[in-house]
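Please find one structure pasted underneath; my questions will follow.
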Amino acid sequence: MEKNEKELAQLIQEISGLNPKKCMKCGKCSGACPAFHEMEYHPHQFVDMVDRGDVNRLLESKSIWMCLTCFACVERCPRDVKPANFIEAARLALIRQQGCNHLKDEAVPPLLDEEMPQQAIVSAYRKFKK
Amino acid sequence: MQVEETKEFKPTIVAFCCNWCSYAGADLSGTNRLNYPANVKIIRVPCSCRVNPMFILRAFQRGADGVILCGCHPGDCHYTTGNYYARRRMTLLFSMLDFLGIEKERTRVEWVSAAEGAKFAATMNDFVATITKLGENRRLEDIRCKKQ
Amino acid sequence: MVYSYFPGCTLKNKASDLDLYARKSAEVLGITMEEIEEWQCCGGVYPLGANETAPKLASVRALVAAKEKGQDLLTLCSACHHVLKRVNNDMAENENIRTKANNYMQLEVPYAGETKVVHYLEMLRDVVGFDQLKAKVVNPLKGTKIAAYYGCLLLRPSKVLGFDNPENPKIMEDFIKAIGAEPVIYPYRNECCGGYMAMENKELAKKKSSTVLQSAKENGAECVITACPLCMYNLKVNGGVDDLPVYYFTELLAQALGVK
Amino acid sequence: MQRIGVFVCWCGSNIAATVDVQQVADELAKEPGVVYSTNYQYMCSQSGQQMIQEAIKEHHLTGIVICSCSPRMHEATFRKTAAAAGLNSYMVEIANIREQCSWIHKNKEEATEKAIILGRAAIAKVHLNAPLTAGESPVVKRALVIGGGIAGIQTALDIADAGFEVDIVEKKPTIGGKMAQIDKTFPTLDCAACILTPKMVDVAQNEKIHIYSYSEVESVKGFVGNFTATIKKKARYVKEDVCTGCGLCTEKCPMKKVPNEFNQMLDNRTAIYIPFAQAVPKVATIDPNACMMLKNGKCGVCSKVCTAGAIDYTQKDEYIEQQYGAIVVATGFNTIKLDNFDEFAYSQSPDVVTSLEFERLMNAAGPTGGTLLRPSDHTHPHTLVFVQCVGSRDISGCGKPYCSKICCMYTAKHAMLCREKYPDTEVYVFYIDVRTPGKNFDEFYRRAVEEYGVHYIKGMVGKVAPKDGKLMVQASDLLANDQLLIEADMVVLATAIEPDESARSIATMLTASMDTNDFFTEAHPKLRPVESPTAGIFLSGVCQGPKDIPETVSQASAAAAKVIGLLVKDKLTCNPCVAESNELMCNGCSACEKVCPYGAITYSDKEFRTPYRTTIMRRVASVNPAVCQGCGACTVACPSGAMDLKGFSTRQIMAEVDAICK
Amino acid sequence: MQEAMIKRAKELLAEGTVNRVMGWQAGEFAYDITPTVFSSADELDKAFVYNDFCSANVSKYMIKESRKEGKILCFLKPCDSYSFNQLLAEHRIWRDNVYIIGIPSYGKVDVNKVRAKGVTGITGIHTDGPNVVVETIYGSETMVKMDVMEDRCLCCKSKKHMVYDELLGEEGEVLQSNRFEQVEALENMTPEERYEFWRSELSKCIRCNACRNVCPACTCENCVFDNPASGVANKAPSSDFEENMFHIIRAFHVAGRCTDCGECSRVCPQNIPLHLLNRKFIKDINELYGTYQAGEDKDARGPLTNFTVDDCEPSIVHHRRG
């Protein structure tokens, strides 16, 4: 069941449950983002791309996996847009598809080390696969 | 003996218009020669908030088939807040009439500004068409007041 | 005061220190922590999707268990605290999630966010009181310059968590003062350490955690305390500043109270 | 029974072409009470009016109905006509058979029928009309201006110029307001003090103006033309008429560490102080929270050094009651508190300042004597970052939802002045949008960019981190799609403005309405922008909405013009079509009071006789006809029907309904 | 409870706090309870009753009583306290002249439901756990209280007192109630069915004015229906229209002020479910303008004397439910 780009953008909006039109493009989210330089597309662009239905590039980009979910953008946004929620919605739209998990089970063991807390593994599973 | 329906049904419509916006809007549709049916008769009130639900019931009692209330657009009331109160009152009244099973199309509120002569005429044309389709007011009539 | 206690996955395993010291300290402070029976892992992250109900159910179970006992729900791990508080907020304010969760749980009395979720630090501040804590300290950590690291999950989003001022918090600094040490204020104490990436993207995690530790060190810190096992791990392993030890706040608390 | 005359107008062929005017006149003549009915080519003409007047006299008419054009056109004309013939003007009703009949209908039969019905409705109404007399109320020829900033000053000067007495009530020890704190003004860059202080002197010297400084309005009663205000003159512990303003006391006062409000707390003042050199009135004031003498009776230095003997530690608050015909609100604004914006490190570093603080740092009379120095170490800053929209356009609940309007321009001004005075500085401005409508405004902003080399960056600062005496500014550059990290020496926050905290209590006192942001609401957003919906209350300056100095001054003069227009009248003629409460039916429930936008309804307890020869106390409403504007909201809110509207009474409207539906 | 109330009333009379007591006494029949003012301990002993038949809301009496000399003691059930508070909000009662004792209410009994069970000759009633025991001249009958409780009590909205000086018995909570179910059922009918329903109900109206006279919100000094100048005055409905008109206007005049006490339907001799009209307004107000409970907050602005700039348009009525 392939979705076209517009439907995909719609889906992301639905998952987020939020309105990207509230954004006034001030860029405070991108000014606050600690992972900005790791990203190809940045928080304010995420919101804009979802709004415009220009999401294929976004979903293919590694940017969505760089978000640290630190909520700095959510906290500081003057328009209550919640960019982090859109980024998570984009990830969900991807990993909910068959075979699209970002984190594969077999990739996990080599990543582990002695001291790593359970929390790291649990949350990586929650965030990166379904 | 069957009474034959020969005469075309011409509804009686009462339009309450606020002095500052809608009454002026009605004047403007006249100035611009925009037609609407003669069934519509306008009563001038200072503000939509002057219209008591009793007036609307009274109109139906005395033989109106439709009642429309026109006022300034929300936010533009000459008295600042009058139409906001009118809006709540009419919403609740209309809902109650509907609750009693009276056709909800018979009552309407429209915001018409002094500049909207065309909107006034269009609104009245539409309202008269709606009421004509609906037919005579039977559910909120007072048989004593019926025209012979 | 008796609390329902939600330890969470990490405190039962890798971070058992955090748990142990917290319990011992609580005893001294006259607080009883009753671990919830059969608690389930909160999942470590709060699911942000509007239609994600199932991943929130574990939290709802814990919240309901506390409600049934008529107790507040105490947490230690900042992630558990974050997830539980936000799920609780959903249950109180998001009708869709409340209805779905309640339908699923089939409780006799539906749950609507009645439980109060409290972080251990909030308990120290609001129930014990830092003054009272100070009075109970037997080994004050005199002169030690300690930098508090808050991270993200304790503070943001502040409207839901209501923990402290998200940009200029002071609860941990007040805590540091209460145990007799000297707090170090540094600008990156509420910036992300990159913890969620600790497994998946080590480079990023290193970059972010070293910024935090560098900043603390530049401002004269001798050690750093945190409330999050993941932050702790990340700062320790990826922080790249060797002579700056990172502790759980409970460890220093136990030390100050003489129960370590 | 009324004796009614009906006059059907042809309006040339405007009406007569589609309405059979003769038939209308004939049909209406059959209506009960109609004793005379006629038609004429132009009723509004001289001869038409004469015809009406003659008929009134000849037939002893008690009411007339004119079937003609819209009442919006000639109602006033025909009312005058009637009055000239000795008939009360409010015994005239118009049936609108032109705009709402002949002009919209083509079928003559239909149009005629409708015209008859409209005529009947007017006749039915006029049967129930009662003669109304427009009431009159006297006008006290004195105005009160609340607030002594540039808005209040300009309004007061203009009113005084027209020859009326004006009182300015200012809560601070001096007038001048925010403009006195400002360094230069955009877009001309002339010095604010140079243009403001002469005006302040004008105010002081104007015989018609009285300044109540260090005073507050305590209560206001009454209505348009006749308000009574109580003014609280706070004890300043200095005899105002004796103090010469020499300032010796301020030099000798030992309490030297009191934060100086005038310099935005950037330096200190003494416990006895004169806010600034050009203060009006130039009189010292003792700060009771700082003065040792007032706090524990030990000191008295100022009293010893004052050769004029002006110090009076026993002074008490004084209350003055005064009558006014009009009140102007000019309460101004403040910058918002930045507690919710700690990401900009305002509370963590003294080198992060608000724009108003920056004004003081640039001002020659400011704490640094006009040399721009960092508050932390008094060194010269090289890199400055200006952040726009701090707390403005914010719907997250942390700030204000509106645009503060002045920030774009003053930030351009700050940036430009900085680069002009200190060419070695790098100046960055982070903006969301640059909004510079206004005469010479956009040119000004462009000059800052093109000639002064200010770096305008579209984007927003996400975090300011103090580091080794510098400020690490992390911000987005949306056009470059980059995140910048600027090592700055100072950060200036274009802080949102909000109405003064006194505004709400003053609005309540005046029964003036406010919006959700506590800005005063104007009577009409376009056509009556300087009047409050409450009669006799006028708005001047930022209390009504964010505005810059030129706008404030023009609004202040506009408000003054409105006040003058009111004060020149000896008496106010009131609209007689106002609400009226029937005390016998009033429940005293206050529903009417709640919906009245003008505060025209008051309640009192009155004694009434009962049928059992006893008396009973009841709370009843009364309407002040001078304040009521006649909207009728109260008449519907009233469940008992005690409230009715003259000229549009319940019975009149129902009579019209009946006539139309018959 | 009755004993405790009498005891406390006597105390307050004795110490001079009040000089009268508003209470209930049995009328000709045990179930025929009438609100009464008592002015001595003797009178209280003789006639004061408080039992499962005492459902009359006495708050309306306080309008007149509170204006008399001296303070009066008044017992308010939770639902009565809403009415009382609303009357305070409308400045109808002089609060200083009333001493309020809040009493709990666990639901009142509808004598018609008791009679429907074939019980006659009723002489008294008392609660016994989940049951009520009805004493009759033929002996006593026990029945499940829920089965004979008044309809309005079965969907009680609150057991909490909104205003009181002291409480007797325990304080309750605001309840989740399903009181709008019947309104919803009507809303879900077609307009034709609704029209038929209301015609069949309202045509029974004999214009006895009991609904108006008992209503604690209908307290006008002069009702529009009695005032010839209002244009709607009429003494008896002489057409279908006037039946409709009276009840629409009655409900509209109390809209936003009606606390939903249900007295109108209780006293209607024709058993017209008049409270449904009021509830329809309450439901609309809650849905359109946010939940509002009249009588809850004395200082709140009622929904019809309030607005927001983005209130819904009246046309919402056209869009809802088809």
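Should a chain be cited, it is by its letter among A, B, C, D and E, assigned in written order, with residues numbered from 1 in that chain.
By definition in this document, a residue touches a chain if its C-beta (ideal position, glycine included) is under 8 Å from a C-beta of that chain, and two chains touch if they have at least 3 such contacts.
Remember, it's a predicted structure, so these values are computed and weren't measured experimentally.
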{"item": "Neighbouring chains shared between chain A and chain E, ordered by label", "value": "D"}
{"item": "Taking each chain's C-alpha mean as its centre, the one farthest from chain B", "value": "C"}
{"item": "From chain E, the most remote chain by mean C-alpha position", "value": "A"}
{"item": "Which of B-E and D-E has more C-beta pairs touching across its chains", "value": "B-E"}
{"item": "Between chain C and chain A, distance of the C-alpha-averaged centres to the nearest whole Å", "value": "24"}
{"item": "Gap in Å, rounded to a whole number, between the CA centres of chain E and chain C", "value": "52"}
{"item": "Whole-Å gap between the CA centroids of chain B and chain C", "value": "63"}
{"item": "For chain A, residues that touch 2 or more chains besides their own", "value": "72, 75"}
{"item": "Residues of chain D whose C-beta touches two or more other chains", "value": "343, 397, 463, 595, 637, 650, 654"}
{"item": "Residues of chain B whose C-beta touches two or more other chains", "value": "53-54, 58, 81, 85, 89"}
{"item": "Interchain pairs in contact, sorted by label", "value": "A-C, A-D, B-D, B-E, C-D, D-E"}
{"item": "Chain D-facing residues of chain B, complex", "value": "12, 14, 19, 23-24, 26-31, 33-36, 38, 41-47, 49-55, 58-59, 62-64, 78-82, 85, 89, 121, 145, 147"}
{"item": "Residues of chain E defined as touching chain B within the complex", "value": "183, 186-187, 191-199, 224, 230-232, 238-242, 244-245, 248-249, 251-252, 255, 277, 280-281, 284-285, 288-289, 303-309, 311-318"}
{"item": "Contact set on chain A toward chain D in their complex", "value": "22, 24-33, 36-37, 42, 44-45, 72, 75-80"}
{"item": "Complex interface listing, chain E residues touching chain D", "value": "67, 90-92, 219-224, 227, 229-231, 253-254, 301-302, 304-306"}
{"item": "Interface residues, chain D side, partner chain A - complex", "value": "343, 389, 393-399, 430, 432, 458-463, 474-476, 478, 481, 483"}
